[in-house]
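After this come two complexes, each holding chain A, first together with chain B and then together with chain C.
Up next, the complex of A and B:
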């Protein structure tokens, strides 16, 4: 099977200057489990474009690093 | 990949509304027993009420209504096809549930005198109790789970229920983070995995832009089916009038007590009741096809303070991102109606009636297997019904397990399941689950979205059956993708069930939910019954009629027809 990667506009935006390297609050509460840490930088990012725009990640982030946008297709 | 073995007395699959309550009630009934919640997400924020809930829709509060009145209302709204004994329990036990939730810190709206401030949204009675501060509901439940010393395993998705010698003996799951296979021996299992909310494809085309929490992919419908349990009323789809594109509730249940109502493009009422029913959905469908669409939730005639209060409730609880959705489109309730659309189909007994068959003891037809919440067949059960049936399941299961022993899992079964789960990992260059799921759900829209046409459904059924082979071409590169692949298996099972049940019932019932173009009339002589289905001995899906249980509350269905059209 031949595969390609597509660029996608993702709903969850992480402000890396505010994201704490040892914190996993957003990752633990996401129902869809779409957030992970970048192993090199320790910052969270949205790895899978599977968002219900439900906001626990944003509300539970202790530093306000996360902004959830309505997914582009619905916006 | 490793195999992890766990053992518990009572396994709760799904830690949402019903599941957390089932576990708590089991521990209250039998504190010395071991109870385990298996949750694919994290119980702090999972299930249909992950972010909270803005109101209770089925509150039978003494002094305001009785369980008998409630049963009557639900019987009529379901065109008579209900197990009244099961519906009655939601009315009988709901008040105790509300009081217990209150003792845990959940807040319900009260009037100046401290009485519950009930609102009328249903056709006759007052059963809606607002929860303007309902956003912490799930955190409160998670705290009680911990206090009751329930064990919780988050991020493990169950894939199959184990059945040996005619009784349930546990479940198999996938750890969606480390990829381990998890085998849990249990003496009883309750499935509380919510709706099949990813059946049809939303008009936006975004796979996860669903009404239901998209984690709820019909897991329990599929697992119960493969365990040999009966399912019922599957042809009575869930179809909702939702905010166009956003696909969340508009939400008339909250706004109509303030004076808002559903209107056509000319601003006129066309339904006299905003309570969700198939009959109401049929009126929405007709209005959209009459040239007077689109329809909208109208609030712009209300004063500014009232609208601000509605915004506060709607933007803070159940779906808090809707404020920014409107903001992004420069829409304001003071000047704009909330444009609504008919949703894609799903399966959900919490809102309609399609679910795993349960009696008033939350028992499925397989000994030791219980079901509760959106996936259990008590119609229009909503959140209070999920709590009530979680409680019933938890209490009854602890009776059931008392003298039972664990059984060692069947090695052949485990090997077959292991092969099924991990197949996509062996072919990482296989077709991505996103494409396989998109096509499946697009086919659901093409062939099953009502009004239902027999030839279309025949084609759909053929494609869903053939899709068994398509599932084998999926590839995954990590445990997360593997979870999504297994969810596509659940969705396919639900699509086949939806097609077969819809073809079997040769009449029209429940308004738009089962509107058949070739049989446009209701036919009580032949179809005043449930349509049940199960996996037969030879592995084929069997469909059959199941008689409606004798009523315990008299209802004259000839005189009391559910009709909400404004004429």
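Up next, the complex of A and C:
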């Protein structure tokens, strides 16, 4: 899988102000394991540019920090 | 404090659930949900009373997933929460968890003064279907809150063995449209004297088209010949949904008096109306409808053509053999 180069363009957007440092809920539920923690900030981000748009990461986030942008043709 | 055989990881998260820091409690409750360890049930029940609605909501979801009956009563306490998400999640969980054993507790909750609890309990009673709930529901018909009146009259139609309920008829003339819509659908399940006449009146005179549509649906369920004049009149209704369900009701109470209105409906702008009118004409078994039905075999809508052909076949099948010659 390709590494994400421009994080603003990835489909899984993490609001870092809401992301909890000790929480790994989104990382655990992602079937593709594309979400990881930034070791410097402790916040989750999308490391690999691959997504099934299955949405558990968004649903499981306890603070609602994750938004998955689903492409128009998949809506 | 905890049993000695408890998984140390679970014990650690349970301990964190008592933290004064909201972020830590959120992480703990979410992790306990993911771990799915039964030892976490009691602490999660405690988390239902957390000061943060976010923690409460996740605790409810976790207990829903455990589906352990011990959580049912604490979850019922969340039905009256001031936070909409908490109430909604508790209701969703209890919809799957409650059973007839919980009826008495639910009926007790109806006596509380909390409107949210009452509304949610009325919804849950629809799952239990027990007619014992009827005396507890009836006082809500006079409630000043229209949501409670609507929920109560909707619940009424889910109660088994209830076929008569005079007070429900009054709600069909309620000033609030949503209440009238619910009451009109409920009337289709009742057999009180005057129900058909009332539904006919609603079908032809109510100002709200959804009430008129629901009246047609209820008359379809009741299938009384007394309703035919009103149904014929409703075939001229300006709303197509009303005409559609009226045509369906006329399929049940096949009567030649409806034939002119049904033939006219074969040229309706809406294909659903044309299709249901064609089917209703087929049920009349009257050969006079055949020329009109033959014309709809060229209808632009495939459904209409198929159902017209079926109606023609049905009429021809019901005719004496000699007429085929």
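Here, the second predicted complex is superposed on the first by the 62 of 75 C-alpha atoms of A that agree within 3 Å, B and C clash if a C-alpha of one lies under 4 Å from a C-alpha of the other, contacts with A are read in each partner's own complex, and residues count from 1 in each chain.
Methods note: a residue touches a chain if its C-beta (ideal position, glycine included) is under 8 Å from a C-beta of that chain, and two chains touch if they have at least 3 such contacts.
Just so you know, these numbers come straight off a predicted model, no measurement behind them.
Asks: Could you say whether A:75 touches chain B, chain C, both of them, or neither, answering first, second, both or neither?
Replies: So A:75 only meets chain B here.
Asks: Is it chain B or chain C that touches the larger share of residues in chain A?
Replies: Result: the larger residue contact count on chain A belongs to B.
Asks: Which holds for A:20: it touches chain B only (first), chain C only (second), both, or neither?
Replies: In the superposition, A:20 touches chain C alone.
Asks: After lining up the shared chain so the two structures overlap, which partner does A:63 touch, if you call chain B first and chain C second: first, second, both or neither?
Replies: It touches chain C, and chain B stays clear.
Asks: Does chain B (first) or chain C (second) touch A:28, or do both, or does neither?
Replies: both
Asks: Once the shared chain is lined up, is A:54 touching chain B (first), chain C (second), both, or neither of them?
Replies: first
Asks: With the two complexes superposed on chain A, say which partner A:3 touches: chain B (first), chain C (second), both, or neither.
Replies: first
Asks: Which parts of chain A are touched by chain B and by chain C alike?
Replies: 28
Asks: Per the contact definition, I'd like the list of chain A residues that touch chain C in the complex.
Replies: 20-25, 28, 60, 62-63
Asks: Where on chain B does chain A make contact in their complex?
Replies: It comes out as residues 41-42, 44-46, 50-51, 155, 176-177, 204-210, 213-215, 245-247, 319-321, 324-325, 328-329, 427, 429-432, 473, 475, 480, 483-484.
Asks: State the interface residues of chain C toward chain A in the complex, per the touch definition above.
Replies: Per the stated touch rule, the residues are 23-24, 26-27, 29-31, 34, 54, 58.
Asks: Can you tell me which positions in chain A touch chain B when the two form their complex?
Replies: 1-3, 28-33, 47-48, 50-56, 59, 68-71, 73-75
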